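So that you can tell them apart, the chains are marked A, B, C and D in the order they are listed, and the count of residues begins at 1 in each.
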Amino acid sequence: MDAAPVTATLLLSCPDQKGLVAAVSNFVFENDGNIIHADQHTDLEEHYFLQRVEWELDGFAVARDDLRDAFRPIADRFSMDWSVRFSDEIQRIAIFVSQQAHCLYDVLARWKMGELRADIPLVVSNHPDLAEVAGDFGIAFHHLPVTAETKSQQEAATIGLLEKHRVDLIVLARYMQILTADFVRRYPNRIINIHHSFLPAFAGARPYYQAHERGVKVIGATAHYVTADLDAGPIIEQDVVRVSHSDAVPDLVGKGRDLEKVVLARAVRLHLDSRVLVYGNKTVVFD
Amino acid sequence: MDAAPVTATLLLSCPDQKGLVAAVSNFVFENDGNIIHADQHTDLEEHYFLQRVEWELDGFAVARDDLRDAFRPIADRFSMDWSVRFSDEIQRIAIFVSQQAHCLYDVLARWKMGELRADIPLVVSNHPDLAEVAGDFGIAFHHLPVTAETKSQQEAATIGLLEKHRVDLIVLARYMQILTADFVRRYPNRIINIHHSFLPAFAGARPYYQAHERGVKVIGATAHYVTADLDAGPIIEQDVVRVSHSDAVPDLVGKGRDLEKVVLARAVRLHLDSRVLVYGNKTVVFD
Amino acid sequence: MDAAPVTATLLLSCPDQKGLVAAVSNFVFENDGNIIHADQHTDLEEHYFLQRVEWELDGFAVARDDLRDAFRPIADRFSMDWSVRFSDEIQRIAIFVSQQAHCLYDVLARWKMGELRADIPLVVSNHPDLAEVAGDFGIAFHHLPVTAETKSQQEAATIGLLEKHRVDLIVLARYMQILTADFVRRYPNRIINIHHSFLPAFAGARPYYQAHERGVKVIGATAHYVTADLDAGPIIEQDVVRVSHSDAVPDLVGKGRDLEKVVLARAVRLHLDSRVLVYGNKTVVFD
Amino acid sequence: MDAAPVTATLLLSCPDQKGLVAAVSNFVFENDGNIIHADQHTDLEEHYFLQRVEWELDGFAVARDDLRDAFRPIADRFSMDWSVRFSDEIQRIAIFVSQQAHCLYDVLARWKMGELRADIPLVVSNHPDLAEVAGDFGIAFHHLPVTAETKSQQEAATIGLLEKHRVDLIVLARYMQILTADFVRRYPNRIINIHHSFLPAFAGARPYYQAHERGVKVIGATAHYVTADLDAGPIIEQDVVRVSHSDAVPDLVGKGRDLEKVVLARAVRLHLDSRVLVYGNKTVVFD
């Protein structure tokens, strides 16, 4: 693929007010910007407005470094939550895993093929099993075992690594440990987990076993941002697959793996492309 | 469509044992039967065997009225739960509704077009609203209002109607009343409900509202046999549809209606075709 | 449901240019409009821009009857294709059928329940079979038989009826006749057909038979605007369902019917809500 | 997972006759076999019967090496096409690729994780690009470039490699060359291709481009056995994903990749588990 032109992406949300769309589009237009994507959503019950606008930097009248200052007066006028991202800023991902390899293989293969535009400086695991997989892709692997007693030290060591590597996004690729509220608070809407059920069904442990016990005819997977409440954070993406009585638990596990990989990858890509806005405990996904 | 040949369908289940399949297939073969469908499932964990065999009656050496007696020795030898159904026995359905019309319209239209081979002698409702719909299709409508105080009388009156009309199957087509355990016990695996979520998520009241609150990216519908535990009976069929942040609750309701109709109709048809076996709290569906 | 507030919906498309979004949003803002939905799409290859903007009329500074004149200068400046619709204008639908009842029942039940906001003054058919269905819903039924020899007279008579009833939209609910190019030309992007395959696979006659012959593992349905090229018009909506070797042609027909109904209904609703724009031989669907 | 017990799987097909099921089940029963899976299908139009029976070898009265001889009289009596496979026979796969890595990565990761029980002695490619991927997984990579002039020599060299490595199954993991009829004839129902459309739509070159031109709302992928007719062999598995006007061709390619991987992997696994029977130009898939 060609080098795509560098773009700026503005994400914003605020109470709904007349003139919002006009103000933002005038800002881009008057500075000679060429909008290539614009999406917006108004929550008519909450009277809340959310928008994503992406335009080409080439030819834009405001210099890249001045862009945030130039937009700030508009943001302040409408009391916006907002951020600006440039498409050539490469985000840095840490992948957390335990013993299951399928999501790790999938993320790393996508990264190696250029499908995920990001740097992956490290893989962190509470088990040693997947060191070789990380190694085959040339990624540093950090084995940080954890017990109930060592949890706080292990998290402190992990945070040290994340800060050293200036990590922007943590991907829990079937990491079978619960992060503490303290840890989670450091990375708000920047930790993506894949849970192997269609939440809120079958939260917690052994969802495929639970699904088999209940006799469901579809199983699912859910990618969500991690919050202090287990499996209850804002959902980014979900998908399902049909199953039948002939699927024993290992069959559900096998079918589920294919879902988990795809759902996690979609969520990571949506996040990297700045297509996900969180409000309340929900997401708006501009795909 | 042509008149299909009359068939016998044997449904059986029992602890798994060697020689089961041979015994059943020999019974059909030695009596000159022509098997047109045969399905079986072995639950390898529970060591439990379930089978559905359908063969043409025409040319079968055992007379229709003697068939059950002829098979009984085999059934006894293997301690089977079993039943035999003939394809020309038309089952009788009572439809229970409240105020929402979409499932009622859908079931009645399928019946009128010959898609559901059954008789529908009556519609029962705790509200008067849908009398006209039933009337347009020429079906008797019984308005039996219910309050906490009159529940037992209303159920007694309902049972009187069901017995008078020799009803085989009760279809809860968005009936917004909880049936008592006493009522349910009279119709084991013969009451089909449509619940407007992918159970076990969002059991109970207002599932679309719950789904919207949780911010899910798929919604579903579940058809299940009614047991004494609310929304917890054996699942016959489920399906889902994608939704997004742009779907407010009324949008979920609208998308969900299309799911509910199709999922309920599939479940009713599977039941009428003797394709559903219940074991434990699950179903085996031979479709 | 409450009476929704009356809205204006502007649909527009034109070559992509800077300032387009600003011009439209300023028009609404400066006249004190409250935008409740706005969607846009830029085709980056064709450099073509399409937009749908919906705002509340209540409080809007331009009177309803002056709205088109007020917007025209902007439309002209950007060489827009455009139209304005008001949400309280009820469109008038003619349904064309042949002998299959399922889509007709489905559309009429939705209409009766208020799910489709439209008037349905007439059903037209080349066969008499479905007169009773139309009658049960209180809709006039016109039986206009057609042969190769009488095709032009039949179409002339049909057009007479459509004009008399001021029909805005024609829904081919499994109408098994090919309309002439002359007829089609009178109703550009105003005739919706349901084809019982996932086009472009299995265009033409007997798609379920073709699908069975080919041994596909999914079947589909396609709703599209009718053009002079058979089954080749702009696709509005498609969906599919899994099938297997155990599905004979009648099973495919049965599963397909459920798809056809839902896909057709979605397309009709999208059209009535002014959510479909046609450009080239494709649609942009703002749902 | 535990070592599963060794099983024998009998695949058979023949004209439908009375006594078939009894004969096969008696064979297993009288030799003290424990059936763990049995599936059958009768094509009522073609009067053709297909069956898959799997039982445990442990305790079976016929020695493994004598099994085929013991069954032959039954097979001959009913004029069966038949084969027997033992679950501990590991099949040998050659993967053919060109320049796209996603299917290769996916198959190799599944193999490495033990999800695909097979040996993969070699990867063959007409381009050098993916040598490193194969190498990372420790698989020999053979670069065999091909032009119109060298096609027959290249195929001869390829066949030499396949024979040397005693390859049972060829997986075309986005191999962008058409195999000659001569080559295909050597591996009947033993070459699986992944085509990036829901066949028969968009056969041939550039299916995502064709899909974009046609404006479809779903795209698909098809895994099929390769025959001499391009993209026309028996379909093993298909799946689809929704797309919209906002998906440009590269978006379709990206979404399609996820389909291709999963659909190809399912087909390979079904084949390895002896769950696919071909008859006419169709498959029966016992999953």
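Rule of thumb we're sticking to: contacts are C-beta pairs under 8 Å (C-beta built on N, C-alpha and C of every residue); 3 or more make two chains touch, one makes a residue touch a chain.
This is a predicted model, so every value here is computed, not measured.
J.: Under the document's definition of touching, what chains do chain A and chain D have as common neighbours?
T.: B, C
J.: More contacting C-beta pairs: A-B or A-C?
T.: A-B
J.: Report same or different for the chain B and chain C interface, where same means the shared residue numbers exceed half of all residue numbers found there.
T.: Result for this pair: same.
J.: Compute the centre of every chain as the mean of its C-alpha atoms, then state which one is farthest from the centre of chain B.
T.: Following the centroid criterion, the farthest chain would be A.
J.: Measuring centre to centre with CA averages, how many angstrom lie between chain A and chain B?
T.: 41
J.: CA centre of chain A versus CA centre of chain C: separation in Å?
T.: Going by mean C-alpha positions, chain A sits 37 Å from chain C.
J.: Counting only residues that touch at least two other chains, what does the list for chain B look like?
T.: Expected reply: 44, 246.
J.: What kind of graph do the touching chains make: line, ring, star, complete, other?
T.: Here the contact pattern is complete, since every chain touches every other one.
J.: Name, in rising order, each residue of chain A that touches chain B in their complex.
T.: For this pair, the touching residues of chain A are 41, 44-45, 198-202, 214-218, 220, 234-240, 244-246, 248, 280-285.
J.: Where on chain C does chain A make contact in their complex?
T.: Contact set of chain C toward chain A: 18-19, 21-22, 25-26, 28-30, 32-40, 42, 44, 242.
J.: Considering the complex alone, what residue numbers of chain B touch chain C?
T.: Contacts found on chain B: 1, 101-102, 105-106, 109, 112-113, 115, 136-137, 246, 250, 254, 257-258, 262, 265, 287.
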